[in-house]
Amino acid sequence: MNEWLDKHMGRLFLAPAVTLILVFSIFPLVASLIMAFARIRFSAGGFKVRFVGWRNFEKQFFGSEQFHLIGTFTQISLLGWIFGLSVTAALLWWIWGYVRRHFTWFGFVGRLITLAMGLGITWLFAGTLLSGNLFGTIGTTLFYVLVGCAIQFVIGTALAYACSKNIRGKTAFRVIFFVPMMITPIGVGYIFRMMADTTKGPFSNVWQWVGLGDFSWAADPWAARIFIVIADSWQWIPFVFIMMLAAFESVSRDLTEAAELDGAGPWQSFREITWPHVLPIAATVMLIRAIEAFKIVDLPNIMTSGGPGIATESVSLQAYYAWRALDLGSASAIAYILLFVTVVICVSFFNLVVLARVRKQP
Amino acid sequence: MSTQLTPKRSIFEAPAIGQMSMATKIVLYTLLLIWTAFVLFPIYWLIITSFKDAADVNQGPFFLPFVDFQPSLHAWKELFVTDYEDTLRAYFNSIIISLSATGLSVLIGSMAAYALSRVAYAPNLITILFFIFLLAMTGVSIGIYGVDWRLAAAVAVALFFFLARAVGNLYQFRLHNGDILFWIISQRILAPIVVVVPIYMMFQTVRLLDTHIAIIITYAVVNMPIVVWLMYDFFNSIPRDLEESAQLDGATMIGTFREIVLPLSRTGLAATTLLVMILSWNEYLLALFLSTTKAQTMPILVAAMNAGERGILWWSMSVAIIVMIIPVVALAIVLQKYISKGLLVGAVKG
Amino acid sequence: MLRKFLGGTALALATAIAPMSASAEGHYDGVTVNILTRPGPVIAGRMVERGEEFKAMTGAEIRVAEVPFAEIFQKLLTDWATGTNSVDVGVFASGWGVELVAGGLVENLDPYIAADDKIDLQDIAPYFRDFNQKVEGSTYFITIDGDFQMMYYRTDVFADAGLEPPKTWEEYLEVGAKIHGMDMNDDGEPDFGSCTFMKRNAQSYFAIQSVAASMVQSKGTGEGLYFDPATMKPKVNNDAWKKAFEVFKASVAFNPPDVLNHDIGDTRSLALAGRCGMVIDWGDIGPLSIEDGSQIKDKVGAIIMPGSTEVLNVETGKLEACEASNCPHAVDGVNFAPFAAFGGWTGAVSATLDDQKKQAAYDFLSYMNQAEQSNVDVTMGWTGYNPYRNSQLEDTTAWVEAGFSEASAENYLSAIKESLNHPNMASDFRIPGAQQYTGVVLDRELARYLAGEITVDQALANIEEGWEEITDDFGREDQAKIYSLSLGITN
Amino acid sequence: MTAETIQNASPTTGTAKAISIRDMNKYYGAFHALKDLSIDVEAGEFLVLLGPSGCGKSTALRMIAGLESISSGELLIGDQDVTEVLPKYRDIAMVFQSYALYPHKTVAENIGFPLKMAKATPEEIDSAVRAAADQVELGELLDRLPGQLSGGQRQRVALARAIIRRPSVFLMDEPLSNLDAKLRGNMRAELKHMQGELGITTIYVTHDQIEAMTLAHRVAIMKDGVLQQLGTPKEVYSDPANLFVAGFMGSPPMNFITGKITGGQFAGSGAAFAVAGAADAQSVKVGFRPEDCRIVDKGAGLLDADVFTVEMTGDQVLVTLRLQGEPLVVKMHKDFEINAGVTAGITMDPEHLYFFDGETGARLRTTAQTS
C-alpha cells in the first residue's frame, strides 16, 4: 500500500489542483457557454432556459448592441484605409513568411487565429477611432490594456531601475511604493473619485486656478478614460515595480562593473548588459499584468459607471451590467467574447515570448 | 576606537565604478520623492478624510487637521463602537477567508507546481476531453435540469470507467507538462463574471452559500494559477540532487516536499503568499455573490459605504479602507526581505 | 451597518413607542425572519430598530441583511428562484417585484390583509394602494416608503432673484439659467442653478422620466408612460420624449460641471451644502434639509414636478397644445404628471416559507406600514422613508417636532399631498425586465446623448429598438398582459 | 578475481548485497543512452564505472539508484528484483557530486535525515549521528549549517549521511571532483579505507582513471553507453580489450602508430618493424605505453622520430617525439637528457606491443598474448 502510494504520489500531487480547477472552472465555463446560447429567466424552483442559437452573439456584433461592443461604423476615412491596409499587408507578409519557412498544420492554424484577431482589431481601429467614429467597449478595453500597461511598464521599470541603484532608503521606498497594490480595487476607485472631484476634491482649487472650473473630466470621454488609466496605474505600478526591481537586482554587479570598466556609459551599460538580462522577466510581468488588465471592472464601475455615455465602459463591465439587469444570456456571450479576445492575444504573446522557455522544462 | 578617515570626494571628481555622480543622485532622489508624494498623497487624503465629518468633506477641500478643519473620531466610533459587531464580523470573515484561501491555494498550487516541475506526465488527451465532457454534462444535468446529484455522479463515474479506456486507447495524442501548466495558468484569463452564476448555483446545490467554505474554495481556485505559475519556476531553480538524495535516504515524495523543497522555497512561498493574500483580501465580485450576511467580507463593507441616496459616506468608507490596509502592510513589512528575491526566482527565472 | 447613524433621538422615540403596540407577546418565539435590502442607515437602519421592538412584542427575530443597491434584486431573484431561501423577505422597489410575482416566487398577501385590522388600507394614498402594492389585482407588496419625485427650490435664492418657482419645463430652463452662478451659501463661490443626478448606471433614468411624464401622459395613471398596452409598441420615439431629452440636456448648462458623473448622493450633498438653486428629488430632501450640518434648513420649498403646456398625441407622435379634451387633469393649461419613480421600497414575502414564518413576516411588514409607526418614521430624514399615507400629511405636529419650521412643513406637505393624490401620477415600469428597459437601455441611450455621442433622434430610435427586443425576449403577449394589469386595465 | 578473493580483501559486515545488472537499457526518446549493460557486482565489492563524460556511466548509476527508470532489462540487489522498485525501498545510499547537503539543515540534521525518514527515535538518531560523525571526524561541526563548511567537510557530511544507515549499497557519483588536488588524494585514501572497513558494496562513478585505479576492486569502462571492459585495475591497464580502453587508461596515454601487417612485418607511417606472432591485417594500430619504451640512439630502436619537447616532471622526464606529425611520448628516468630537434630511436619489448584493428578498434592478439 505504502509503495503503491509512493509510486502514484506524482499524480496525487497534481490531482487536487486539477480536480479543483476542473470542477470550479470547467463546469462553470460549460454552463455559461450554454447560457450564452440561451435566454434564462428565473422562476419558482429554478430557471426557464430557452435556446436562441447565436442570437446573443449576433446582437453584439451585428445587432442593436454593435455600437456598444465594437463601435459605430459609418465610413472609413482615408487615414483608416491607409492604416488598415498597411497593417493587413504586414500581417499577411508575416503569415506568408511562416508558411514558407517552417510549416506545421498546428502552428499554421494557431497563427491563422492570431492573424484573424489581428485583422479584426486593426479594422476595428481603422473603422472607429481613425475614422472619427465612436468605439465600443472592446476599443476601450484595449485602450486600458495597451496604454495602461505601457504607462505602468515604463514608470514601474524606471522606478525599479532607480531603486536598484545603490541608494539610501531603498527599503523604505520599496515598502512605500508597494502600498497602493494592497488597497482593494474598490477602495482605489473611491479614493480616486475623491482625488478627482472638481468641486470638493483636494485639487479643486488648482482646477479652478488653471481655468478649468467649468471643465469636467467626467464629461469628456478621453479625460475620463485617462483618469481611469491613472488610477489603474497608481494601483498596479507597484506590481511592475516590485517584479522589475527583483529582476534588476538579479543582474550581477560584476557584469555592469565590467561594462563600466570597458568604458560603457550608464545608458550603454543599461542597454547592453542590464536590459537583455531582464527582458524575459519583463515579458512575463507584462503578460501577467495584461491578463489582469483585460478584466478591469471595478475602477470604471466606481469612478464613472462607464460614463460619459459608454466612453469608459470595459467589456467586463458591460458583461457585469448585463448580468445585473438579469440578462444572463448577453452577459455570458459578452464574457465569452472577452475570453476569446484575451486568450488569443495572450496565447499569441505566450507562444511567441514565454512558452519557448516553459517548453524547455521536462 | 581609532578614527578611520575616508577620503572626501569632490563633486567634480569622476565617480568610482558603481557610484553615481552628484547630479545623477539629485535627479534620482527628486524623481523618487515625487513618486513617493504621488503614492502617499491619496493615502494621506484617505486618512484625513476618515477624521472628517460630512460638512468637512462637502464644503472642502480641507487639507490639514486642526488647521483648517477639526478632526473628529465619529466615523471610527461608528465602525468600532456603534457597529462593532458588523465591522468585526466582516473583518474576521476577511481574515479567516483570506488566510484559509491563501493557505489552501498555496499548498495545493505548490504541490501541483512541484509535481509539474519534477514528474513527467503524459495524459491522453482524448481521455481528458471525455472526462471533462462527462463532468460538464453531470454538472449541467444537476444544475440546470435538476437531476438528482447522486444519480448523475454515479452514472458519470460508471461511464468514465467503462468507456474512458476504450475511447482513450483509440487515439494516442498525449499532453505534456508544458500543456498542463499552460492550461492551469490560462484559468487566470477567465473574467470572474463568466463563471460567477454557475459557481453560485453549484454552492447553492450543496447548500454552502453564505459560508466561509464556499468563498475559501472559490478564492483558492481562482488564485491557484498564480501560485502554480510563480512556484513552478521557483521549484525548477532548486537543485534536484537534494531531492534525489532525500529520496534515496528514504523520504517519500511528501516527505521530500515537506522536509526539503518547502523550506528551500521560503522566499518564493513568502512572495507568492503575499500576492495571493492581497488578491483574496481585496476581492469583491465573488464575495458579493457568494455571501449574504454571515460570510460578508471587508470589500463588501467598503462598497456598502456608498449608501446611494445619502451619497457616499466618505468618512466611514475611509475608515474601512484604512483598517483593510493595515494588516496587509504589516504582513508586507514582515515579508519584505523575501518579496523581492522570492518574486524573482519564482516568477521570472526559468 | 451604521444602523444607529444619527440614531440617538430615533432610538429614544422607538423605545417610547414600543410598549404601546405590544400584542400577543412571544407567539413567534424561535422564528427568525431574514430580510434582504440595501445597505446603510437608509431603509435598513429603521427596520433593524423596529425589528428589535417587534421581537420584544412577538418573539420573532428580525435579521436584516444588506447588499449594495445595484445587486439587491439580482441577489434576491437568484436566492428565491434557485431555492436557496436564505432570505424570507425582500425589501425593494415594487416595480422589480412584478417579475418575482410572474415567477410565482412571492406570496399573495390578500388573505393576510383581510385578517389584519391594523393596516388601514384606506389611509394609504391611492397610487400606492391600487397600483404600487398590487399585481394583477392582488396585493403582493407592503409599502414602507412612498417614492415619487418632486421639485425643490431655494426659497431665499428665488426671493432674492425675484423669481417664482417653475411651473413648466420651459420656465425651469429659464430660471435655472438666471440663478446659475449666484452665491447661494455665502462662501464666495458661484453655485449652480440646478443639481440633477445624470450619472449613468445610477438614477438619471428616473429624472428623465420625471421630465417626460408630463409631456407623455395626460389622461390619468391608467394611460401609462411607456407602451401602447394593446401592441406593446413603445411610446418613446416621439416628440414628447424628444423634448424631454432636449430639456434635460439643456439643463446641463446650469448644473455643476461634472454633473454627468453625479449620482443622487452627489446631488444631495451639494444641495445640503447649499450649492443648488433647484433639485429634482424624491421626498427625502425635506427631512434631510433639517438635519445637522444642512445649510438649507427652512430655505427649501417643494413643488409638484413642473408640467407641460403641450402633450403627446399618441397617434401622430407630435406634441399638441393642452386642452380639456386631451388633458383632463390640466391646471391652467399645464399638464402635471408626478412620476412615481422607483415606486418606493416595498416588502415582499417569499412564497416558499412555512405558514408561521409567512405570518410573522407579514406581521412585521404590516407593523412597519401601520400609521402608528410609519407616521413617525417618515419625518426622519435618515430613515429614507417618505410619506405614503394621508394621515402622514394631515397635521404638521410630528414634522415640526422633528425640526421643521411650521411654514416649511406646510409647504413640504402640501407639495407632497398635491403629488401623491394626483390623478395623473405616472407609474414606474411594473413589468418583467423593468431593469433592462429603463436601467439599461433608456439609461444608456440617455447617457450617450448627454455625452454627445449620438443625437436625440438616434437615442430615441435606439431605445425603441432596444425595448422591442426586450419585449420580444420576454414574450410580447405576456408583457402586454402584465403591462395592462399594472395600469389597472382589466378586460 | 573471484568472490573469495574479494572476501579476503575486505571482510564484509554481512549487510552487503550483490548487485546484478542484466541487459539494462535506457532510452531518452530516440536517444539510446545505455546499451545492454550487464554487470554482476559481488557483495562488498568496490566497482568503479569509468568513462569520459556522456558515456552513460552516471545514467547507469542513477538507474541503479532508481532515480531514472529502466527502459528494459533487470536489476537485482541481493536476491530481490528491484527493477520497478522506488529508490527508497532499494536500501541504497548515494553521495552526489554536489554532495546534495540540505542547506537549511544543520550538519547533525543532515546526517540524521535518513534515520528521521525511517522514523527512528530522536535518541537513536542522536547516537547514530555522533557515531557516524566520529567516523568521518566531524564531531565538532554538528551544529553548523552546510554553508559554513569547507569543501572537504561537506564531503565528509555527505559520507556520514550515506553511512549512517548502513545501507547494503553505496553509490557515489564523482564525489571527489569538487575538491582540490591535495584533498582529493587524502579523501581517496579515506574512502578506500572506509569502504574496506564497512565492507559495503559500492559503485563509484568517475572520469578520473587514477581514482578508478586506486579505489576499485574492478573497473567497468564505458563509452557511448556501451560497456567496453570489466576487470581489475591491473587487467584493464595491462590487458585492454580494445583501442578505446587502451587509449583511455594510463597517463600519458598509450602511443599509437597506424599501418598494416604482412607476414609478421609491420609497415606504417614512418616506421617498419617485425612483429612476431601477429596475424596479417590491412589496417592496424600498434600501441605501446610510454613507460614500456626507451629512447635510444637514432637507428638503434624499432623506429626513429624527431624530438619535439622534453618535459621534466620531477620524478621522470617525458619526451614527446613526432613521427610524421603524430606525437609519441616516452617516459624516461629523471636523469635522462636530450635536446629538442634531434632525431632519436625508440625501442621496446615486443611483448609490450598491443595490436588493434584499425577499423573496429578490437584487440588483435599475437600468438604469445592469446596463449
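Lettered A, B, C and D in written order, each chain numbered from 1.
Rule of thumb we're sticking to: a residue touches a chain if its C-beta (ideal position, glycine included) is under 8 Å from a C-beta of that chain, and two chains touch if they have at least 3 such contacts.
Values in this document were obtained by computation on a predicted structure and should not be read as measured data.
Trainee: Which pairing of chains gives the most C-beta pairs in contact?
Mentor: Maximum number of inter-chain contact pairs occurs for A-B.
Trainee: Find the most central chain, measuring centrality by the gap between its CA centroid and the centroid of all protein CA atoms shown.
Mentor: Closest chain centre to the overall C-alpha centroid: B.
Trainee: Hey, how far is the Cα centre of chain A from the one of chain B, in Å?
Mentor: 18
Trainee: Let me have the rounded angstrom distance from the C-alpha centre of chain B over to the C-alpha centre of chain D, please.
Mentor: 53
Trainee: Please compute the C-alpha centroid of chain A, do the same for chain C, then give the distance between them in whole Å.
Mentor: 40
Trainee: Measure off the straight-line distance from the CA centroid of chain A to the CA centroid of chain D, and report it in whole Å.
Mentor: One centre to the other, that is 59 Å.
Trainee: Counting only residues that touch at least 2 other chains, which ones in chain B make the list?
Mentor: 57-59, 197, 201, 252, 303, 306, 312
Trainee: Can you list every residue of chain C that touches 2 or more other chains, as numbers and ranges?
Mentor: 71, 78, 82-83, 263, 270
Trainee: I need the residues of chain A touching at least two other chains; which ones are they?
Mentor: 6, 46-47, 323
Trainee: What's the complete list of touching chain pairs for this entry?
Mentor: Result of the pairwise touch check is A-B, A-C, A-D, B-C, B-D.
Trainee: Quick one: which bits of chain C touch chain B in the complex? Just the residue numbers, please.
Mentor: Within the complex, chain C touches chain B at residues 1-5, 34, 36, 38-42, 63, 65-69, 71, 75, 78-79, 82-84, 86-87, 187, 263-266, 268-270, 272-273, 282, 284, 293, 382, 384.
Trainee: Which residues, counting only chain B, touch chain C once they are in their complex?
Mentor: 53-55, 57-59, 78-79, 82-83, 86-87, 197, 200-201, 204, 209-210, 288-289, 292-293, 300-301, 303-313, 316
Trainee: Given the complex with chain A, which residues does chain C contribute to the contact?
Mentor: Its residues touching chain A are 70-71, 73-74, 77-78, 80-83, 99, 102-105, 199-202, 256-261, 263, 270, 275, 351-352, 432-433, 435-436, 439-440, 444, 447-448, 450-454, 462, 465-466, 469, 473-474.
Trainee: How about chain A: which of its residues touch chain B in the complex?
Mentor: Residue positions touching the partner: 5-6, 9-11, 13-14, 16-18, 20-32, 34-35, 46-47, 49, 155, 158-159, 162-163, 165-167, 171, 173-187, 190-195, 200-205, 234, 242-243, 245-247, 249-250, 253, 256-257, 260-261, 266, 280-281, 284-285, 288, 291-292, 294-295, 297-298, 316, 319-320, 323, 328, 331-332, 335-336, 338-339, 342-343, 346-347, 350, 355, 357-362.
Trainee: Touching chain D in the complex: which residues of chain A?
Mentor: Residues in contact with chain D: 3, 6-7.
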